[in-house]
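Some structures to go through are shown next.
One chain, chain A, links the two complexes that follow: it is found with chain B in the first and with chain C in the second.
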Partner chain A sequence: MTLKSVDVILKRLAERPAELAAARAAGAKVVGFQGYSLPEELIHALGLIPLRIGLGGSDRLVELGGRYISTKNCVYVRETVGLFADDTDPYINNSDIFAFDATCLQTFRTAEVVQYYFKKNVLIVGVPRNFYLEEAETYFTAELRHFVSRLEEFAGAKLSFEKLADSIALYDQIRDEILAIYEYQATARPLISWEEVFDVIQAGYVLDRRDYLGLLQALHDELAAGQGAAVIAGADDEARIFISGSVIPPGDKKLISIIDQLGGRVVGDDLWSGLIPYVEVDIKEPTIAAVAWAYLHRTPHGALPYLDLATDGRIARLKSLIGKFKANGVIYHTLRYCDPYTFKAKETKDILENIGIPLLELHTEYAGSDVEAIRTRVEAFIEMIKLKTETGVAA
Partner chain B sequence: MNEIPRHIQLSSVGSEQEYFRYPEDIREEFIQTDDIEFRDGSRVTAAEVWEYLTTVGPVKFPNLYDTSNLFTGRLSRDVTLPFTLKHNYLLMTMHERMTKAKAQGHPIVFVQGGQSVDPYYAAGAIALRPASTGIWARRQREGLTRNQDELEGQQDKQKAYNAISFEVCNSAGYEHIQEGNVPADMVAPYTALRCSDVSYGTEAHRHGPRSDQVKLLLVDYPLDHQKDKDWAIRYFADNVRRLIKNIDGLTGRTTTEDDLAREIKLHNEGRRLSVEIADLWWSAIDPPTNGKDRRDLFQLGGMEVHGDPVASLSILREAKGYIERRVRDGHKTKGVQDNAARLFVCGSCVFPNDYRCEEAGGIIVGNDNHWSDITTIINESGDPYYELAKGVLSYPYEQPLPERAKWTVEQIKKSRTDGVLFLYKWGCNTQSAIARLLVDEIKAQAGVPTIIIEDDMTRTQTEQLQNRVNAFIEMVS
Partner chain C sequence: MASENTVKGIYAGVDVGSLATKSVIIRDGEITGHAIIPSGHNSEESGLTALAQALNNAGLERSDVTHIVSTGYGRITASYATKTVTEITCHAKGANYLFPNVRTIIDIGGQDCKAIRVDPDGTVADFAMNDKCAAGTGRFLEVMAGVFKVPLAQLGELALEAEAIVPMSSTCTVFVESETISLLARGEKPKNIQAGIHHSIALRIAGLFSRVGIRSDVYFSGGVAKNKGMRKALEEVLKVTIVEPVFDPQLTGALGAAVLAEGIGAKAQKRALEAVSAQ
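This part shows the complex of A and B:
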């Protein structure tokens, strides 16, 4: 049973391209962006429409992108370039300017390729690798000020304290709603699945942010009202899976559908295309410096290296979310040539092993050629977890 | 002293391996050449270098005297260029020299290629990049044939692949540092756009067996028009300050601005010498050296390959005079064909086999990686931290593509290049990503043919790579 408010969100999503085209015809300007450390609040506060661009799961677009960027880049990057080459994506075609950040160096390269081959107007935001140092805050604040000044030129408007305060308040509410909704999917008798929540989160990449907040509130209300009502059929609770690792963007259903088909139940994630961007974003005041501080102090993206394992916030967050959502196994998804997450796979496995959580690394692309191999491995993993759960050996 | 092997019986194939020897008839002239000076004030005479290369080296490192043209690191046959002998001496003695320097209180800091090392040496450390780290580790193993040396090298690499990922491009000395073959005190490279593995590779050391003994630090190199942003320059300068403070923590001394200014001056001399040598080399009608010696000479301006900038500088100073004379006299280099196709290499830190390119009728005349940093002279007046940061952030190789392409085209034109090879290492995300873009721009601006080739960086299994390079040489000849 699909929730009514989820249906509404999906319907709004289908209507969005035409809505954007109409808004642009009426004079609105659209910023397509990609990157973990790019504060949408700043775009929104300037009266611009932010769209988070990028899709996954299409081998055709990956091949197309690979003509411009290398086959040694991850498929997400290649597909992003493929979207520009294909020239049919409504969100790219409805963007007037593009912004990328340098969290992942491959994203930075994507920006260069897009600028060169597709003659797009591109802005780049530098991101400090030493994000935890005091001097990094100064640098990142200056980068964001530079970004805002260029957006101001583009928008023909100045960033005001009031408008930034409004945007921050709006985004804080969106984050709160997402966190609240996310809790429902992990309950023992869920009305909504993780997959549905994942789709809802990703719908927010392109929907009008005020409308999106209303839609989230409606979903939250429906979930609150439905507590104790009929649950999702087949919500097997014996293999509670947590997903970590590389990005799983809209359109990439390969791994998620395999887990679902095999009776695993995803109950949490720390993906930058999932929950993690919304966790503990604390913008203390409506200033660019406060936005910079908050974005640097979120859970760090895997592409931002942290040199002390014992105090790594990403690892700490992973452990706490696994505990919170009572997961009893982690599927660590890595895309080929996604160095930020691939390089950490063994390390993460060793860390989780110490707290009794098994980890299965799946190293893959969007091609269908490894589906059966993945299926076999996931099946064995789920079987192992279920056995452990039944025999009480679970963590 | 063990007997010097002239041949080694390869029992499995029943054949004998021939080894290269420096010819006695060059001895008298060579021993009249300059001493090598070292950072600690000591010197070694040319006669001592000769003695080492002809009696000690062949026993300890028969693999280096292998004569196969498949061996990219084969000793240069251009024996009348004293530089080549002294350079090889410094590489062969890496283990002894570095061990001695560490015992003298110089911390060992692992860095990356293509970056300046002025601040590390200013603080009294020794900065070693992956190649130098590998050389130090491998010079600890004596009496190996080339195949044995290659095998051991591959086994080392597997340890890094197991600990990090098989997709790590070259593992950057992880195995040597974490296995303790190289007693590094710190891993502290510039991050930079040149290689995504720098950051993640450094991070990987946090879970290695020596993680409690090796200090980790990233000198964070900001991206996107960084040289034009005052805040980016100040940020990088702060990172350099932090680096020096951390090295001071290891040495127990306090590095001053004057120390840094002095070191910048010293390194600038090396950079200038390399650029002058390059200009001389490129001005010659016939290449005054073979491709491998050219590369070693040009790269020496980075002042890091020997782990002793004073030693590098001393042989660089001497080499310039030899190149001047060769250019003036119209010297023809043995092994380089007349009207050889002149190739410029762009991309990752990989190279085709110079000797085999020359056999095929080409010669590599330049490269962008490990060169753009050397062509960048640091301003010697003002705040040395700020000026160093400003210079480092202006490395052409690290600039947005239009600027990088513009600089590359300038080098291509100066070196009278006939064709451009863009080579990238398998798994090198950031260089491979812009391979097509850069060569398209080079074609548009310089009008020279280009080719993109992926290299797996193995030293012996390079036939497919060489086939493509040779076909390209044939085309541009």
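This part shows the complex of A and C:
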């Protein structure tokens, strides 16, 4: 049974395109953006409406996008370009300017294609490759200052200390609520599933951020009233799955549906399109430098190079989240040509094997031709986990 | 040979594969019947026909069977089964029944190939499967047999006679077909090309094992395991000795399914005994 507050969020999501069109007619300006290292706080603090754009799961849009961007780019990137070519996505059509970052170089290429072929007004934020060096902070702060100055020109307004402080406080509250709600889905008898929380997180990409905070608070209240405190606990008969790897954007339900149909239970993720952007963002003061520092010191995106696995924050984060959400298996989802994640699958598998967590690597795209092959792999993986916990399939 | 569960009763496994449907009957822990038929368009019918033939081979009736487990690509439509289980789990169980010391399974079926690592109790420790193309599968060899105009069963035997191995630059079924035609036109000996084809599959399988690891003993299951040329190529490329089959390797999945069906029976019998002793 869906929670009332989740229904309200989905209803608000359905109303959002018309609301955006009305806001623009009344003079509001909208920034469509894509990128792990783009601080939304800066867009919001200038009185602009931020929309995180991009969908997945449509082979038609991937094919359409592939006419403009090389097919050696991942399907998510190709579908993003396909959305521009298709010209029917309400969020792209309601954006006045687009911002992309260079965390993933395929995203950077998307920006080039969008500007060249679709004549859109595009901003780019450079992201330091050596994100762990002191010089990276200097570079990224300068990039964000340049980004803000371009947005100021576009908005016709100056970024103020007070407005940035307000926006940071708002986003901090949103992050806190998401983290609190997320814990409920991993409890023994949850009122909300991981998939519903995932949908709620992704609804926040486009909803008005202040409205969104209210909706999250209502959901948190409903969960607390129905369940009390969130106590994360597993059951003996469960295959508790953690999803890692490439982005799973709104619209891409292929893997999530298969896991659900086969009796697996997703209890956690470290996806760019899931939990990870909300974890440990610590903006210490309302300045561009502090925002840059906080975004650089989050869990790094998979596309950023870092050689030493023993001190890699991504691995440390993955292990700590697996433990926190009591997962007993990891499905490592990689999109074809999403090289940053695909290349690291084996190392990640070896590291997790050492702590007794099996990892299943699934390499896929949005076409339906591999659904049955993925189903067999996921089913065997769930059988393996259940047999190891002496349940499920008769041994 | 006896099942680890060794419970009284008759249990059946049915493996509906892409090219062949197999069934194995276990009675009181021993294999008593089996059958292999070509898969038809209707998976359920294929499964039922193979089951009927295996029961006939064992001198039994359908009503004698306590539990049936189905596996393979056609498992989803097996309404006759008590339970459906993936072929990965079933191959592990089947190999463990035949050879308890087996820790690694190479399974080459009609449309996929798998590398499976097995724990001592016959549960899957890890596995990897080929991507979604036909390279390195039974279907690939079937196409190649067509190119050489020889029966599929002879392809491996011919490769064993090779004087040299002609390296193939691709494992794509379509590209290897055209490459083979070019090599024949260039005057390469068919048996040397056939050895090259088997080695290209073995190299692809080696790629799968780089992900899951390989430990002795090694068992080769699936229809392609009957191909001696393939077996030799795998031993050379993987630098392992594959255990000699004691039962038709094409039936390993169906056997594992029968063992799992027997396990369901064992659990039911245990529950019944516990209920009696609790009274």
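Couple of notes before you dig in:
Here is the rule we go by: the second predicted complex is superposed on the first by the 380 of 395 C-alpha atoms of A that agree within 3 Å, B and C clash if a C-alpha of one lies under 4 Å from a C-alpha of the other, contacts with A are read in each partner's own complex, and residues count from 1 in each chain.
The definition used in the following text is that contacts are C-beta pairs under 8 Å (C-beta built on N, C-alpha and C of every residue); 3 or more make two chains touch, one makes a residue touch a chain.
Keep in mind it's a predicted model, so treat the numbers as computed, not measured.
Once chain A of one complex is fitted onto chain A of the other, the partner contacts of A:136 are limited to chain B, with no touch recorded for chain C. Of the two partner chains placed by superposition, only chain C is touched by A:380; chain B is not. Residue contacts after overlaying the shared chain place A:388 against chain C, while chain B stays out of touching range. Look at A:117: by the touch rule set out above, it reaches chain B but stays clear of chain C.
In the overlay built on the shared chain, the residue A:43 is in contact with neither chain B nor chain C. In the superposed model, A:346 makes contact with both chain B and chain C. In the superposition on chain A, the chain among chain B and chain C reaching more residues of chain A is B.
Counting contacts as defined above, chain A residues 346 meet chain B in one complex and chain C in the other. Within the complex formed with chain A, the residues of chain B that make contact are 162-165, 167-168, 191, 193, 196-197, 199-207, 211, 216-218, 220, 222-224, 226, 229, 231-232, 234-235, 238-239, 242, 400-401, 424, 426-430, 432-437, 441, 454.
Residues 346, 349, 353, 358, 361, 363, 369-370, 372-373, 376-377, 379-380, 383-384, 387-388, 393-395 of chain A are the ones that touch chain C when the two sit in their complex.
Listing the residues of chain C that touch chain A in their complex gives 73, 83, 85-89, 112, 121-129, 131-132, 210-211, 260, 263-264, 266-267. Here chain A touches chain B in the complex through residues 67-74, 77, 102, 105-106, 108-110, 112-113, 116-117, 124-126, 128-130, 133, 135-136, 138-139, 142-143, 146, 303, 305-309, 336-337, 339-340, 342-347, 350, going by the rule given at the top.
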